[in-house]
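Presented sequentially are two complexes of chain A, the first with chain B as partner and the second with chain C.
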Partner chain A sequence: MEKKTKKQSDEKVTKKLIELGNDVMGQLGQKKNPSVALPIRALSNIFFDEKTGLVQLGEKVSKRTYMNIAHTRKFMQTLLIAAECKKIISQNVTTSIRDLYYAIKHTIPETKENTVEDQSESDPILEDLEAALNTLRERLHLQADRKGYVAGPIMVNDRGDMIDCSKMGSSGWAIPSNVEPDLISFEKCSADFVLVIEKDAVWQRLNEDKFWRNQNCLIITGKGQPARGCRRLVNRLHNELKLPIYVLTDGDFWGYYIYSVIKQGSIKLSFLSDRLGTPSAKFIGLTTKDVEKFNIPKNVTIKLNEGDIKRGNEMMKYRWFEPKEWQDELKNMLKVGYKLELEALSAKGIRFISETYLPQKIKEKDFLP
Partner chain B sequence: MEKKTKKQSDEKVTKKLIELGNDVMGQLGQKKNPSVALPIRALSNIFFDEKTGLVQLGEKVSKRTYMNIAHTRKFMQTLLIAAECKKIISQNVTTSIRDLYYAIKHTIPETKENTVEDQSESDPILEDLEAALNTLRERLHLQADRKGYVAGPIMVNDRGDMIDCSKMGSSGWAIPSNVEPDLISFEKCSADFVLVIEKDAVWQRLNEDKFWRNQNCLIITGKGQPARGCRRLVNRLHNELKLPIYVLTDGDFWGYYIYSVIKQGSIKLSFLSDRLGTPSAKFIGLTTKDVEKFNIPKNVTIKLNEGDIKRGNEMMKYRWFEPKEWQDELKNMLKVGYKLELEALSAKGIRFISETYLPQKIKEKDFLP
Partner chain C sequence: MAQKDKAEEMAGQTKEISVSEFFEKNRHLLGYDNKIKALLIIVKEGVDNALDAAEEARIMPEIFVKVEELEREKYKIVIKDNGPGIVKANIPKIFGTLLYGSKFHRLRQSRGQQGLGVSCAVMYSQLTTGESTEVISSTGDGKTHKYRIKIDVKNNKPEILSDEVVDMDTWHGVQIMFICEGIYREHKQSILEYLKETAISNPFAKITFDSPNGKFDFSAGIDKLPDEPSEIKPHLYGVEVGILSRMLKATKARTLQSFLTSEFSRVGSTAANEIITKAGIVGEDGSPDGRLSPKRLTDEQMVSIVKAVKEVKLSRPPTDCLSPLGSDSVEKGLKKELNPDFITAVSRSPTVYRGWPFQIEVGLAYGGSIESAKFMRFANRVPLLYQQGDCAMTKAMATIDWRRYGLQGDKLPEGPIAIFIHMASVWVPFTSESKEAVASYPIILKEVKLALQEATRKLSLYLSGMRKAQYQQERMKIFERYAGDTATALAELTGRDADEIQVMINEIAKTVHEEALKTENGKEEEAPPVEVEGGKENGEEDEEAE
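== the complex of A and B ==
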């Protein structure tokens, strides 16, 4: 992991932004139709990389040109956003993508045309720019939405404030939107592994039982599909501290999908997979096999609906669910016809999850790949 | 503020639950048709209390009886939930309302009938029970959803962990779901006031600028409509530490409604208004008058849609928007025909909100009541 100071990182991305601008200016100087090159972020340019175990972006590039009526508006927006990013970096402030939208919005003089109409126009342009510059929006000084919490034996340094995640009471440390190494560093960590939990209510249950102390681990929740900051944090905890990552979700296709995004990255943000994905993550539960193994009462399972069945059949074809263990689990869920939530374990007693289910699964290394 | 230890609080609410059970048992002993008395939580039993400035629940009570076919199922569920709450309190654990639903769900022996079908059945019964026992779900050891963050010069004691909210980096202190005084206490606070901010992105902006240090205040965001924990925290900061509360929301009817819930309480949870509402809170912005006063460019305003106009007309009739200043603002928004978000202030520069807008509003005490 190359570790830069904030200043170095700002200089590097500013240089990239200036190059983008100079390139367009150069084309104009030669009286060419100006264009910017953007990686194609569509399924046609996405592949599963066997070597890294990540969903990645291919090499295909498209040109966004000024003198093409289908591109003109987006070309203008791309340059506006690049210019605004350069400005906020130079002012040394951070802002939100909503702010960015407002900052670039204006009426083009002597017309009734606005530069952007709503945020759904500016957000994808920003992702284009991240992909084109091979950078994170966090490095462009833009906050993503944040959610998620951490508890356990780690000391985190957030711009000089030392945060001891084993002394954060019932809240835990709230994961910031930007956890890049120039801002957030790990000062001390004695944990043996990381448990990533889909649901905050389950995280709170485990935190109350001081599960992280008994099992000497970190517990992290992403509150549903984790935000970028949470996925990046998991990636860094694994890469820098060599901690194994175990993921605990509901026993349903949505939960399995959340796991796959933590592990392999997502299609939408495939250009960031190496920074957001953690290929060696393991799935700890819930599975339909747990229902038999732990004798979970059937009346807390939930019947699959049509959408579930369709989704399950789709997921069986995903390259990253090809391992036999996953094919077996997906098939079995479709066969038994039910799913179940983490809370279903409470039917066996409120502390069953922290005192029996998780310790046994971890001890037996009863994981899916 | 009556301050109890956790043990005293547990004993008090357990006593209430036992009384509820004994009452039903007593009725059965006398071969009566058993019933439980529940405050009516409908608009017909809600009023705005001029003296306290809170939306409150009236005196009307309904009886939920076992031998009434329309009540039987709910009667059974009420007793199941009361029994489960007593159990989790005695085990000294906390759980979620989703867990509660799973814990009471089972098939009634020798029938195909489930005690509850889904959580939308158990949630309102729990609110009935809170109202009937005049208690909070937090005292019944149930977590509400949590969100929201705090930064500024206050030291919080969370079950023995001391959390310094001026040293929480870019995250802030995450507000727990349960902030009752037996668990969370304020150890030291030198702030002059509290700024409650609708949007997390704006909170992050102000935290980055260390607005709370420059203005010697606490900054809190509820991330949209604040969760119970956040409203209760604001209520306690005002009542116990005598801090003035200023609320900053988008300049739209939804933002004004969020303000009114922080100030007067909500219709749905009117039985908790004295614990969740803060009647002396003031509204700092945004208003349509700010657009003129601060010369905000018109192209960052958003045209009102039909739903907005309907909502605005409804809100003008609410007893708690009767003060002349609010009537003027609501009328003016309908007249100018636009709303605006906090991010609109960025059109004047990224630090405009922290360096000009807020300091000037606070200095001039330019508030709505």
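== the complex of A and C ==
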């Protein structure tokens, strides 16, 4: 990671924003239909890079043009967000993406229409802008909502404050949205590996059982699909501290997809995959094979619904689920026709997960790639 | 021959019943089957006659109609016109005899055909209230006659209750006053609707209606009467044995040959000979003979002639006997009563069904003050309000694929559309005596369909043009709507002046807009957005969501 001072970064991003504006102005000056080029962030324009093991953004670019009524509104919103970001940077403040939404929201004169109606309208535009400028929202002085917690033997320097993640009680250290090296650095770490857990409830179980102490590891939850801060932290823990990453999710297609996002990056944020993905992460469970292996009672499994089956078949076609082990697991789940939640392990006893299941899996290195 | 004796005995017991008696028992056949409809029919008969008379006398018709409730379900109906009037001697016969009329025996386009209408109204009034009908008429000679007439039902003869001369100055025309049972309503098939449609199909007429609910004025939209239709001789293709027999009896021709050439249209001596040959009418030497006297033709020979005619190629009858409205008048009529945004009319060339000339005209009006679909059928300018479903015009409408023309609706179109269909003919083939639906001869269905298609094509062009223009306008509005904010943002990014930028954007938008309007068919419209936004994928991150 290139170490840049904040000031340099601000100047660079501001320059990019001004360039964007000048580009549009140049087109207007030539009486051309103004447009902004945006990398296409969809399945049609991503590829799986075998070498890096990451989902990467392709070359395809779409033009968001003013004189196409399907784009006009988004074109305006793109420029509004760009202008607002320039303002925020110049004021040297950091705001949330919700603040950004409110900052650009106003009623368009002589209409009943707002510039943005909903945050769900401004969020994807911001992502477009990040991709178009090849920058991070953090560099635009924006932060996402925080999501995710860490516990375990690590000392973190969070903007000057030393945080001992082994002394964070029952709640853990909350992962900030921006964990870039200029703000967060790792001071001391004795953990042997990192366990990333989909579910907060399971994280709390493991924290209460002091699993991280017994196994000498860090436990992290992303509370569902992990936010970028959480994914970036995992990426850095692996890259900088060389810690192995194990991922624990529900035994269902949704959980498997969460794993793949942590490992290879996501389609929507494929332009950030090298920062957010951790290709060497391993999948610890749950799998349908665990049901047999640990003799989990069948009555705690859940029957697959139509959406599950459709999703399963889709995922089998993704390049990054090509390894035989994954194809077998996906096929097997479709074959047995059930899925199971992490909590299903409690059927074998409340501490079964922390005292039996995880230690055995880790010991036997019973992972999926 | 006992059978013959019996038959003759039975024949002695039968007696002739008069048409009046027949009507008394079968008034539903003429449409008098309910009290609401009865009022409408009486007004209709009066107005139709008034229009026919005025037109024939080349007078711009001005008609006054009054409907007044005297007591519950008892009405006074007055119809007054400015026509030529009726000569004194004919007044009692016309109003007091069923099936007395000048129109039945001649072949010329007119509203009335059978000579039944107005005397039936007299009859109906008399049957329901016992009241006589008052007829006032003047031919403009300064003498105005006022009659009170009833019908002598047994003998189908007028019964004159009073006959006086009144002073009406120089007025000419006819004024009739009926007192009859009825119910007045202003719904779909009402006097008001009938008069409105009459005003559309007779745009040269001025009609005033003094209804129980107030006055309505239908002013004239054009100041010219349609061309006067001429009488024609019948065409052999439409002649049946009965008519042939009647004509043979009445003819002054001395030979069959001259009967055929003089009494029918489009029969020359070659065609007459061919008919005679094909019908196998031979003289004493066994060769075809046209010198036979028309009076001596046997029934078998008449049947042979009617059959033979079908194998002989005859020219179509002349069509100058028709008096179509003309597409211009159709448009004007629709315009003045419906005030639509778009209007078009198609007048087909005259053609022939079973030897009778006819012509179809169609008008289409769209938008404006038309609120919902309206279908108007006319026969010789008379609105047909009942039996829509049985009518050839409706059946033809149902064969059009309205959606292909950018309209809604399955069998009949929906939306703010008015369809006007007019059949002009010397003899309109109604499905019943009440004259409410046109019979479905294939050639009539075809003509209506072709006219509708032509008119609908024009409407469809208008609609797509409008949609295109509307689309372009909305597109321009979108360009204008976001220009302000886009300019402000660009100003913030570049430090340029926001107002200046907005002007630049608007100028380009205007150019784009004008070019799009110029493009003939909106092919250069926006392709569907190529942009594929992310997030389609299932299982994408829900990060940052609140």
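The working rule: the second predicted complex is superposed on the first by the 329 of 369 C-alpha atoms of A that agree within 3 Å, B and C clash if a C-alpha of one lies under 4 Å from a C-alpha of the other, contacts with A are read in each partner's own complex, and residues count from 1 in each chain.
To be clear about the criterion, a residue touches a chain if its C-beta (ideal position, glycine included) is under 8 Å from a C-beta of that chain, and two chains touch if they have at least 3 such contacts.
Just so it is clear, the model here is predicted, and its values are computed rather than measured.
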Touched partner set for A:Val24, first chain B, second chain C, both or neither: second
Chain B versus chain C as contact partner of A:Asp158, first or second or both or neither: first
First (chain B), second (chain C), both or neither touched by A:Ser346: first
Chain B versus chain C as contact partner of A:Leu241, first or second or both or neither: neither
Which of chain B and chain C A:Pro34 touches, first, second, both or neither: second
Partner chain(s) touched by A:Arg98 [first = chain B, second = chain C, both, neither]: both
First, second, both or neither for A:Val61, with chain B first and chain C second: neither
Touching both chain B and chain C, residues of chain A: 98, 145, 147
Contact set on chain A toward chain C in their complex: 17-18, 20-22, 24-25, 28-29, 31-34, 38, 40-45, 62-64, 66-73, 75-76, 79-80, 82-83, 86-87, 97-98, 108-109, 111, 113, 115, 119-120, 123-124, 127, 144-145, 147, 224-228, 253-254, 257-258, 261, 266-269, 307, 311, 314
Complex contact set, residues of chain B against chain A: 88, 91, 93-96, 98-99, 101-103, 105-107, 114, 143, 145-147, 149, 156, 158-163, 167-178, 183-184, 200-201, 204-205, 208-209, 297, 299-300, 341, 343-344, 346-347, 350-351
Interfacial residue positions of chain C with respect to chain A in the complex: 474-475, 478-479, 481-482, 484-486, 488-490, 492-494, 496, 501, 504-505, 507-509, 511-512, 526, 528-546
